[in-house]
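Please find the structures below.
Both of the next two complexes hold subunit A, though its partner changes from subunit B to subunit C.
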Partner chain A sequence: MTGLIRRTFVALDEEIFKSLYVALIRPHLEYANQPRRHCEMTIYNLYLFDRDGQLLYYAEWTRKKQSGMTKDEEAKLMYGMIFSMKSFVTKVSPVDLREGYMSYATNKYCLNLYETPSKLKFVLNTDTHAQGIKELLHQLYTQVYVEYVVFNPLCSLNKPIESELFATKLDEVVKQSPAYASRPA
Partner chain B sequence: MTINSVYILSKSGGLIYQHDHNIPTLEHEKTFSFPLEIKLELQNRNVVVSYGQRDGIKVGHQLAAINGVKVTTAQLEDGRDAMQVLADEANYPINLKFTRPKLTTNEKIFQASMFYPLYALASQFSPEPKSSGIEVLEADNFRMNCLQTLTGVKFMVISDPKQSGIDGLLHRIYELYADFALKNPFYSLEMPIRCELFDEHMKSALEHSEKLGISNV
Partner chain C sequence: MAEETVFDFIHMEAVSYVFQGEKVSEDEAVSKLEHMGFATGYRLVERLTRESGRYKDELDIMKYICKDLWVTVYKKQIDNLRTNHQGVYVLHDNRFRLLTHMANGKQYLQYAPRYLAFTCGLVRGCLANLGVTCVVTAEVTHLPACKFQIQVQRG
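Right, the complex of A and B next:
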């Protein structure tokens, strides 16, 4: 583009070049810059429910707004919502569902629900641009939950998880995922 | 590339319009010998598979026909009871047809009013301040887009996840709603929309965006 300006305009002084630069080159730079601005991705929080709707584990990373109720109440309400959403989805769906994964997005965030065959429910809130959350949730299940809770003889499967090892590993995996990475912690 | 159905909810959460555009019919036919390998039971006066999915027949599917004779509300067309026919060994081998159950109008109204609290809760659970309600709901093999207008009317379109141009379609439906329902002197707010012109335009809008969706890909 600069070459084009140099070729076309014979009498180039600093003033003219500046106005040409603003008119011709800057829009390109700004356009190229835009996708970068949208790439800010983050993971807000995670709920893990067992098959009876009990909250097994809760973690949050960059949550900016609290819902204004106790953790206990919030978990019950959240379970109630995903339970009725699941029934809504199966009823409304025009064809049979294959796997236990679904997500919804609002203009600010995206909620991802992954249900394992044993009815364990992983709920992960991310921002709307996050990619590959399904794989991340699957990874959390197979590489963190199964490894550090199911294989741990001290962990009871139907009690809230208190294992510190589980908490650190979970934090590690989430922070390593590309969906979390692009925002400074 | 299909658009399956359209729902319009009034601001108080009631279903005021519903249109099924393109619902795939899933049918599975299979000949069984005695004893039956799948377990059937009566649910809401329909014969439903409760255990033993196989060959595409899934739990929750409904019995639609026995030996080619239609079954409605657990009765064959000739008046025999479906469960009795199935229990009699003399009728085997038997050919059974199963379909995925379709939503009845009552169930549609029920599901539509269930979406209202989901929408409200979604904005309450937001980790960021000032979030809207659900805009896109995506599962494995369908997607639902929702547009809430400033007056609180919700338009929902259920489509294939690969279908494009749904946002445009939602705005087009909003326009149609304004033009053919609201400007209709015989239409009262919050009531079901029964208007031929609205139906016609809705159909053509859906067909148009389906075609457009294909050419865009």
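Right, the complex of A and C next:
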């Protein structure tokens, strides 16, 4: 491309070359850079509900807009919504659903729900480009919840989780997943 | 791997069972757990040392406790053994298996001794059947590390 420019112009001024470079060559280089953009994924927050709808744990990483209601009300709203969505989806679905994973996406965020066989629900809000969330939620369940809550004799399974170790490990696992970027979207 | 989890859960339930009821004092409950450990340790050591020969001296017995017994029950060895050669031995475990899932620091510190009582009894029972009378106490300052102090009663 640079050769083409040099051959076309008899007298090549620095200025002209620069503007031609910007116009013709840079776009090709930038095109190659584009795929990296899709890795700008962020995780916003996480809710953990037990089988009766009680909020066991809430964690937040980036949240720019508050919902304007108390934590309890927000938790109830969230649980009510996922409960109705789950029953709606199973009734309307044209095929048999066995997966415990469901998600909906708006143009700004994506809500992912993972339900374990013991009816524990992990709800994770991420941005729309996040990949591999099902595996991440499964990992959170097996490597963090089971290890640090089920095995902790002082954590009652139907009460809000107070273990600091659980909080630390949860944070660690989320931060080292590829779906978490420190740049806010 | 599954067998360890069964022991962990039974132990957790034993601790909460012993603390059930309103009038149970901490000491009573802890001593019940210690007795359970003693009886278990007494028979366990008989079963585990079936094949090995007699032990040369007390220090050898302590080393056996630190290595073989801990590996059999908790799948790891004791990290540090100290003694003053006058009958006091201190066993350090930096990641005691029954405490690793609880906390990493000071949270739940007041409840930690309950989960060590059974093990204290276990060690006492093992030593008793090997001919060493002693008193075993445990101390936790920073989960999940803990120290077991063995004081041998002589004479």
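Note that the second predicted complex is superposed on the first by the 162 of 185 C-alpha atoms of A that agree within 3 Å, B and C clash if a C-alpha of one lies under 4 Å from a C-alpha of the other, contacts with A are read in each partner's own complex, and residues count from 1 in each chain.
In the analysis below, a residue touches a chain if its C-beta (ideal position, glycine included) is under 8 Å from a C-beta of that chain, and two chains touch if they have at least 3 such contacts.
Source: prediction; values computed, not measured.
Asker: In this superposed model, does subunit C or subunit B come into contact with more residues of subunit A?
Answerer: More residues of subunit A are touched by B.
Asker: A:16 in the overlay: touching subunit B, subunit C, both, or neither? Say first, second, both or neither.
Answerer: neither
Asker: Pick one for A:164: touches subunit B only (first), subunit C only (second), both, or neither.
Answerer: In the superposition, A:164 touches subunit C alone.
Asker: Go through the superposed model and pick first if A:67 touches only subunit B, second if only subunit C, both, or neither.
Answerer: first
Asker: Touching A:94, do we find subunit B (first), subunit C (second), both, or neither?
Answerer: A:94 sits against subunit B, while subunit C stays out of touch.
Asker: Mind working out whether A:151 is in touch with subunit B, subunit C, both or neither, as first, second, both or neither?
Answerer: Second partner only, subunit C.
Asker: What residues of subunit B sit close enough to touch subunit A in their complex?
Answerer: Its residues touching subunit A are 4-5, 23-24, 26, 58, 100, 103, 107, 111, 114-115, 117-118, 121-142, 144, 158.
Asker: Please give the residue numbers of subunit A that touch subunit B in the complex, ascending.
Answerer: Touch list, subunit A to subunit B: 44-45, 60, 62-65, 67, 74, 77-78, 81, 84-85, 87-89, 91-99, 101-109, 111, 125, 127.
Asker: Under the definition above, what is the set of subunit A residues touching subunit C in their complex?
Answerer: 147-148, 151-154, 163-165, 168
Asker: Touching residues of subunit C toward subunit A in the complex: what are they?
Answerer: 8, 12, 15-16, 101-105, 107-108, 111, 115
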